[in-house]
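Please read the structure below before turning to the comments.
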């Protein structure tokens, strides 16, 4: 197991390096520069800014210094867009926010999605089945950029129950709407996968045997069927987790949470090279870690799998 | 998948006697029969065909083009731009007085096209890639799969935004951007499937008789992957349509005056609180209908073909 | 970014004539007697996600300036109608030819209790131009005329050689490289605010709440980019007794419709009105809905260089026809609907001291314009049978898209012109406009200072902002002459007339700021076309 993890980590490093290099050059290919605005800045001023951020050096040197700083000093450099902040600052501020609502949304989506899926499978072809599948797909097909403003209209303007945005240091009332808006887009797939794998397990011989032994229905389901049925769900949850703690542009945009998603899109649109790279590395590392965790979990759930 | 009529006893892909194309047909016939017995999937398929037909026939009933501005509506969209048979704006108008009926039809066409092309790219690239990796195995396999892992670990949204920034907005870039991502999952599924197929007698026999790897892959392996590929592709279509809507929301979708359902919904969502509900309602109904039907058709297909792997 | 405001012509004249100390009363929240103030004095203002820095010398945009204006205070502030009012300076003297200004500072304090001295200004201004600071607005110090500023930015001189010195702790002397009667008006710009050296020396973290020392009416309590900036009243501010607000919150709300929902829910005190919604909101909430003129012009740029890919646009007849066929009234009254004014010339009509020249097209009816446009197109050899195709580029935004859409239909229906719309994101648009590979591009300009040259200098063939690449020797010489002219309106009228004739730009409309504001908020500077507001001037009354 440990050997497996080490091996995967060894592969992760070149993967991240490739990621940095590709992102760096793609970024440089994009037209525009981080310091351009509606009003043109004189060349002498631009020269000073370029010198300040080392952008006057050859690109390979910029890249080499960047990688050096990241690897040996864990320094992602200054942001070009937020002039009095470093990329470390931006990540330190934005990531906990994104992670908080992302993790809650992940928990909510997993619990509700799996519950819906199990109910649908156990009561196959009943109204409960139709309702849970219909509900989960219904929640997914409404894009969250429609869901978010609707939630705000209902819960902020009409009912006055919850604030329509802001983070407020992670106060629960500010967290609820982002979590709901984000979680709903993931119910359906989790429920669908749970349902079909549950059905398969329920149809298998050993469950029939368990039932034949006269074990009560819920004990069969939770004691014997659920664990193997969750295998495909777990492999799906890895990417979902990454998606939730990263793909939060819509949430950040509508709820002004100050998360990493908005910082990411903003820095891409403003050509804030260092922030883009910093966040890309963070997200890449997260993805790799999440995939690793999924594989370990997989082995834990299904001892037959060898790592 | 609502009415999940899984038939355990009948042939699954694994057990399909797939040596000869002629025999393969019976598998499809069986699957077809099972699919027809699945009411939810069948209804969805009919509705979906209805939507497609509507996008073909619908334009003949349109009184306005997708770009023509109805000047009598401009400045008074809330009242003059509401859905009406008299004005010919059956679905109302958008904020600048363009006919939503025509625009929804065009948006539906484009969203469907994006979904289909996206999954077509996945089918072609993913299948070949996965089959090659799985068939040859060894170093080539691990190198190819490592590449997939690497691409998987790149935040796709970032690549998409970068691509659209670097190369500008266009239909082609949209398809490339979507296709770039869509094939990854397919290649993994196909590779896994190929690994099991590779050790089957008919493949081993073909190799033993001296068939070239290319022939083995295209004549023997790929045809046997069609089932799983078809299911996966059908389920990819709604994902691609959702992805496109997100891209449009970011303002990076197709160029005006062309539109997509994602773009229309994104515009409609902005004005919903001002009383012009039709700007959101009509595109959203089409959007949801398409996604629902594709999900059900995909699930129906899966149940009908009943492969073990997904 | 906008600089300062309407110093009325009379005031300029007064400054020109009197070389003596000029003392005006300071300005603060002017609460009429007997007003019942609200118990909670917290003002919540909507901003976009663009509070990029709170370092005065690095500030670039309007929203950030609003934050920094309440944190720091310059020599002069801008008053309710945009006229300069004393800030840290109590008064100033100026020499005969308006090149040496001497400021007399009042007893102001930093938020840590230390006095604000002339040396703090010297430090800050030198800091602004020092190459290592790498400020985008470094050029501003040179623009307003401080001696040696440009040379220091270019690295040719040392920062110490900047034309600003502290005679003593209470006296600051500024030397300008040219005669500038409007210098006072530039002092409320963030670049020229003082900064506290011991605080700045803490490095990049100096603008964090725990490190920042400021001299404005408020101090920084929290700064979370993308979420909010919170300011708290500064008890060490020299005019603290007149400050009413206890707290100011700048809340990031990127989506304007979302902003409106949250304004209705009472979560913000002020928010912008989305395009097209003004009439309905005005009818529904007349006391909360405002539209005031804004100092900007929206226009299309035509590529006038040899790089213009579309030969037809090199023909002045085609350009004029296209411009005439744009029905500006429909855009203003049908699409934007927020009190914007149709534009047929470049300079904003409310520019101080500016007389709007008569432009022929402005006096015609739209039918006349259309008829002339068709005639011109025919002369140029284009018709519906031989149609012209044009590529138009604009940046991603609902409002730009709407305008592009209706203009394309106007041209199609009237002239048979096909206008291909190319939506690109902002940075790409900037790049394309600068490299001059476009045919026709969206553009807009907001005045930097309240004088017509802030607009017209864009038509100078040497201007960095001349995206059209328009070069006309007469225009260049009129611009040069206007600087020393007794009445520059003579030259300005010539330039506008020449521009209307050559059509390097097609003006569309003059901006309006359209916003919702809670009725309990008082003291907002509605009369300032640049909308430079100070939190210290605002107060909330009990409802």
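Here are some notes:
Chains: A, B and C, in written order; residue numbering restarts at 1 for each.
Convention: contacts are C-beta pairs under 8 Å (C-beta built on N, C-alpha and C of every residue); 3 or more make two chains touch, one makes a residue touch a chain.
Just so we're clear, the structure is a prediction, and the values are computed from it rather than from any experiment.
Across the two interfaces under comparison, A-B and B-C, the one joined by more C-beta contacts turns out to be A-B.
Overall, the chain located most centrally, as judged by its C-alpha mean against the mean of all protein C-alpha atoms, is A. Subunit A and subunit C, compared by their mean Cα positions, are separated by 39 Å. With each centre defined as the average position of its C-alpha atoms, the distance from subunit A to subunit B rounds to 23 Å.
Computed from the mean C-alpha positions, the centre of subunit B lies at a distance of 47 Å from the centre of subunit C.
With touch defined as above, residues shared between interfaces to two or more other chains in subunit A number as follows: 30-31, 149, 153, 269. In subunit C, the residues that touch at least two other chains are 255, 257, 261, 425, 427-428.
Along subunit B, residues 165, 270, 273 each make contact with two or more other chains.
Taken in their complex, subunit C has these residues touching subunit B: 255, 257, 260-261, 274, 276-277, 280, 330, 333-335, 337, 396-398, 401-402, 404-406, 408-409, 421-425, 427-428.
For subunit B in complex with subunit C, the residues that touch the partner chain are 67-69, 71, 74-75, 77-78, 95-96, 98, 165, 168-169, 251-252, 255-257, 267, 270-271, 273-274.
Remark: subunit A residues 30-33, 35-42, 44-45, 48-49, 51-53, 78, 81-86, 90, 93-94, 97, 149, 152-153, 156-157, 160, 163-167, 252-254, 256-259, 262-263, 266, 269-271 touch subunit C in the complex. Every residue of subunit B that touches subunit A in the complex is listed here, in rising order: 1-4, 6, 8, 146, 149-150, 152-155, 157-159, 161-163, 165-166, 238, 242, 245-246, 249-250, 262, 265-266, 269-270, 272-273, 280, 284, 287-288, 291-292, 295, 299, 302, 310. If you check the complex, the residues on subunit C that touch subunit A are 1, 49, 52-55, 58, 60-61, 131-136, 138-139, 150, 153-155, 204-207, 224-228, 251-255, 257-258, 261-262, 264-265, 267, 425-428, 430-432, 434, 444, 446, 464-465.
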